[in-house]
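Listed next: structures, encoded as structure tokens.
Below are two complexes that have chain A in common, paired first with chain B and then with chain C.
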Partner chain A sequence: MTTHAAGRQPVRGFRAPRLSLKYRAAIEGWLFVSPMLAGFVIFFVGPLVGVALYSLTKWNLLTQQSTFIGLANYADALTKNPDFWLVIRNTAIFAAGLVPLNMALALCLALALARPRFGAVFFRTVFFAPVVTSAVAWAIVWKFLLQGQGGAINELLATIGIAGPNWLREPNWAMAAVIVTRVLKMVGLNMILYIAALQAVPRDYEEAARLEGASSWQIFRMVTWPLLGPTTLVIMVITTIGSFKVFDHIYLMTGGGPENGTLVLAFYIYQQAFKFFDVGYASALAMIMFVMVFILTLLQLFLARRNSK
Partner chain B sequence: MTRRTRQAVYRTCWILALSAVAIPFVFPFLWMISSGFKSANEIFGQPNLIPSVWHWENFAEIFRYQPFARQYFNSIYIAIVVTLLVLVFSSLAGYALARIRFAGSALLMLFLLSALMVPEEVTIIPNFFLFKWLGLMDTHVPLIVLPVFGSHGIMATFLMRQYFLALPKEIEEAATMDGLSRFGIWMRIALPMSRPALAAVAIITFLFSWNLFLEPLVFVNSLNLFTLPLALSNFTDPYGLPLWHLQLAATSLAVIPILLVYIIAQRQIIESFAMSGVKG
Partner chain C sequence: MKVLIKALAATALSTASMAAVAHATDLRVTVWTGSAPQLAMFNSFAEGFKKTHPDVNIKFQTIPAADYTQKLTFQLAGGNVPDLGWIMEDAAPAFEQAGLLMNLTPTLKNTEGYDLSDLAKPAMGLWETNGEIYAIPFSTSPFMIYFNKTLFDKAGLKTPLQLAENGQWTMEKWRQDAKALKDKTGVWGFEFKDGEGYDSRILHAMMPPIRAYGGYAWKKDDCGFDKPKAVAAMTVLHDMVYKDKSIVPPGVQGDFFSGNAAMTINQISRVPNLADAKFDWGIAPLPSGPAGEAPVIGQAGFAVFKQGKHPQLAAEFLAYMTNKKNSEIMDKYFPPARKSVVDGKQFVEGNSAIKPAQMKYVAQAIASGRVLPSNVNIPQIRAALKPTMDAFWKPDSDPKKAMSAVCTAIGQFL
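Take a look at the complex of A and B:
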């Protein structure tokens, strides 16, 4: 401010002092991230804290009362409510069916289509098409195809003399049907990730092995498969987490039925929160889901680090 | 057999095997389209892929049954708004995380990364009360805001960051010498150089918004505000049983434009998903 009186350079005095580069970078950096960060804190971090707090209350939306009850919701889920373990069992079965089936099919398709061959692009496009299709559309069409009476699948089976079951009305068949149709919907994505990984495998390795007299299976087993390790790990975790999150597919195809046979965690949370308005209990379930996904992700990071060593 | 015939036989077998595998991927689309043209009675008769009579009036009926044009428009405009917002915010944040070395950026990265672990199902309950409190229930605001700032937006941010990191630094340094501001560098230099990443983010974001189901289901009640996935699930008779011919005709209308774009731009679209890598 002292230069102000000097007459010749009046502007100088009103300028902010020259910022050090470091200081300036900090302002710029935080300004650039601020729109995303602000929204993220309000609509993501806040709610995450919120759901943790809700899970400690007994809060029924209809009575509009919420009282602090500590960990009683968790105790309820783990020890009292028989539905909870059924839901965990269903979620585990769904994941245990979906993940290996999805990954095996994705790998086979990728092995068939990774090299530029006649028709490879065409078939890649076909297998990926359900990924860009909405899950709602896919579920609607498959529900239609799987109708017990007059559904296309059963009509086709009838022509070769097989009486198909009422797919979506019998618990075990419903689970199988939901898993298989979900695999068909999502397998293209893993196929693409595997293709990308396969194309990164240097051809020299395989050719060297071939010159040594290795069979195709041996080359796959000893050369290709180990090189795919990191990709397989990532795909496995993504697919497992994805299987925990499946909601629209279940909502539209079975509604969790029959006899709760396809009642999985994501759907159960929705049901408890928005159908039965049991907010506290639903929040505890959401926290349990969060922890499950969290552990899986940490496991992936841990395994990835160990692999890279 | 000569070598050439053997190759031809081999190739034919290969195509036949893949075609067999492709049946459950293609058949649902064909069946969906053909059933949309059938009458309510024919739909569960003999399984004919070609309808005996083409009931074009099904498609008119859709628009009488619910405000389908309006719902279609909702889906389009919401997806466009979400895509634009994600493009701007994720490229801004991604640029800062890649290029500006500022205090706290490493911690911020970790903070944002943790978002990729949290499914929407976990945060949707408090968000329900948040939007209720804000008086924004039964509006499109949650359907726009949540995808932008949720794990999808964060994933886009990291995708952009990854791409910015790979760009040559020299051009930006030269621009700084010429007196361009940070913002100017982002807009005039970094963004034009990252078209492939922006395209990838745009494609996966548009589809993400277009296919969103849980959020519309929770936040929207009025028929006029429905988006397509919600509208499609709503073709039922008074007893809640599906009106299959209408539902499938409407589903065809919703799916076919996306499929056509996909077929034309399949390479670009598939690459976009491969780039994002973390979706599933």
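Take a look at the complex of A and C:
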């Protein structure tokens, strides 16, 4: 049977494939990444280009009128609008408060909970739980706790003779309050990253250092901390970017107030686009935010590379 | 051949039935109420409209009030245009000026039995431009004082209703009673509308006392907040918060509806919130001030969007919904702008939740009240008001200086 079939089909001579192995591999590779690439182009590159183009227009969403005005939106933000620099200042204060506090607390928690000891898993869960808690629920609970009169925080302070401020109604305290509550909400994520990094540090190094007579602080400073370098960099970059983009927390807890004390860039962009319907101006602000975050990220990568050398 | 004919006939039949289905028209109406009884009432109008328009299906879509104007604007800009929608009073000038709303006058005039002259002129001010009607204010609802009678009794005080009957319900008395209630019962004497007087309801908190004192917010480009009468009114509010400690202060949660404040200010659409109240309550007019009685009205309009797929049909449904008969059904939640309905016996006596002795003040306030200030730049004005009013709401602030800062901030938008 086989002989019969083979007899009907002439045996083809060897022919080299049209495409070389290199090209075939490349095409296969592109086909494999194409779903992701399509998503990236449609949902990231597209909107980014769109925002860049909108930023050159005066576009009122309500009237649907759009006029090309070049770089006027940027000039307005950078030179004419006094609110813009206030917003940048607030954003910088928020980031400067949040990033170190978040990282320091995450590291302390990770150092305490990295090793398998009694209750470690329980406390890891406790500190990670706020990350997966609804931001709305978190903000509502904290708004109650931080009430000027009758709030749990101030009641607690009163027991030790301290008259607490009206947390969310005084500009400086409001900023401190949103930073701390944001840190408490998000610290669990960085803690997990640090725990993973700490667990990857070989125990031999620590034992060797201990045999050499190093103290716990010296071991941390000279052995553990340098090995955590790459993780610290990643955490620093994502936390900084996150702090520049903070919106929900501000929207829910203070609405940018009091007295614009917590009016940060992302919230300000939201206000321009969704409250005043000035999409062109909001897009220009979004581009400024993009450039700022991009430069900061590059700076952090550059500093990290220089330190590692 | 027979098989072929049968197949052709079946195809023709199914195509015809599909065409009939396709012929049915869907209208979408955006509203901000999520209240089940209110939505049931609107759905009953949709059913009623089917009697004359059997192929029209109407759906009411709830968008929460806090984001209503914003989400509606994005629907309009994104091409997902609803056929009809509620319009917030502060958004009305901007929507009208942007040319988004359909001129309803021809449809209303051509609708049999639709009495345009029955719509109260003062109530139509915001919704009419150059004599053409762009929306019908289905809700022309005055702000009333809600009081917790149980707490008034506990403090041994006459209720605002009793005082109003005797002509003694004044700003001064309101202030005295709020303090007495706080001192005697420990519960806050007064809470601003929905507890939002320092945030999203700043104008609702300021305007009743300012108007009772004879002041105003703005007239064209003239800011009135820093004028002596407005400053005097705002000084009273400031003193009540920080000297008397009788008004729920900023940063503290009160809530009249759960019994944590003895008085508040709101519209009758909030009555369902009191369905399970564990205290006796009532409503009374706003206290009168040096300038006499100055009722304040909050409005909401029904409009048809020009860019919708079926604007003419939508306008016909709007005319049906706001005719006299349906206005009488709506009036227990939303007092209409129809004189014949508000002046009628049914409006005062037919409300199952509010007694006639109280509803008569609602009717009076509709007749003589004025709407809240509006402006085409209201979102910008609100945003500028917020930080300057935050500075006002501090124990050591100087009301005169703070109010002049308010005028400086909002001046550019007037």
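In the analysis below, the second predicted complex is superposed on the first by the 249 of 309 C-alpha atoms of A that agree within 3 Å, B and C clash if a C-alpha of one lies under 4 Å from a C-alpha of the other, contacts with A are read in each partner's own complex, and residues count from 1 in each chain.
Here is the rule we use: contacts are C-beta pairs under 8 Å (C-beta built on N, C-alpha and C of every residue); 3 or more make two chains touch, one makes a residue touch a chain.
Since this is a predicted model, take the numbers as computed values, not measurements.
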Original post:
Overlaying the two complexes on chain A, which is it for chain B and chain C: clash or fit?
Top reply: clash
Original post:
Does the superposition put A:V33 against chain B (first), chain C (second), both, or neither?
Top reply: first
Original post:
Which holds for A:F294: it touches chain B only (first), chain C only (second), both, or neither?
Top reply: first
Original post:
Which of the two partners, first being chain B and second being chain C, lies in contact with A:S215: first, second, both, or neither?
Top reply: neither
Original post:
Between chain B (first) and chain C (second), which does A:L168 come into contact with in this model arrangement: first, second, both, or neither?
Top reply: second
Original post:
Who does A:Q271 touch here: chain B (first), chain C (second), both, or neither?
Top reply: second
Original post:
Is A:G150 touching the first partner chain B, the second partner chain C, both, or neither of them?
Top reply: both
Original post:
Thinking of the overlay built on chain A, is A:I42 touched by chain B (first), by chain C (second), by both, or by neither?
Top reply: first
**OP:** Check whether chain B or chain C contacts more residues of chain A in the superposed model.
**Re:** B
**OP:** Would you check which partner chain A:I238 touches, where first means chain B only, second means chain C only, and both and neither mean what they say?
**Re:** first
Original post:
Once the shared chain is lined up, is A:F128 touching chain B (first), chain C (second), both, or neither of them?
Top reply: first
**OP:** Would you tell me the residues on chain A in contact with chain B in one complex that are also in contact with chain C in the other?
**Re:** 143-144, 147, 149-150, 274
Subject >> Interface residues, chain C side, partner chain A - complex >> reply: 70, 73-74, 76-77, 94-95, 97-100, 199, 249-253, 379-380, 383, 386-387, 390-391, 393
**OP:** Under the touch definition given earlier, write down the residues of chain A that touch chain B in their complex.
**Re:** 22, 25-26, 28-30, 32-33, 35-37, 39-40, 42-44, 46-48, 50-51, 54, 109, 112, 117-119, 121, 123-138, 140-145, 147, 149-152, 155-156, 184, 186, 189-190, 192-193, 196, 234, 238-239, 241-242, 244-245, 247-248, 251-252, 266, 269-270, 273-274, 279, 282-283, 286-287, 289-290, 293-294, 297
**OP:** Could you pull out which chain B residues touch chain A in their complex?
**Re:** 11, 14-15, 18, 21-22, 24-29, 31-32, 35, 43-47, 88-90, 92-93, 95-97, 100-105, 108, 112, 115-130, 145-146, 148-151, 153-154, 157, 182, 186, 207, 210-211, 213-214, 217-218, 228-229, 232-233, 242, 244, 247-248, 251, 254-255, 258-259, 262-263, 266-267, 269-270, 273-274, 277-280
Original post:
Given the complex with chain C, which residues does chain A contribute to the contact?
Top reply: 60-64, 143-144, 146-150, 166-169, 255-260, 271, 274-277
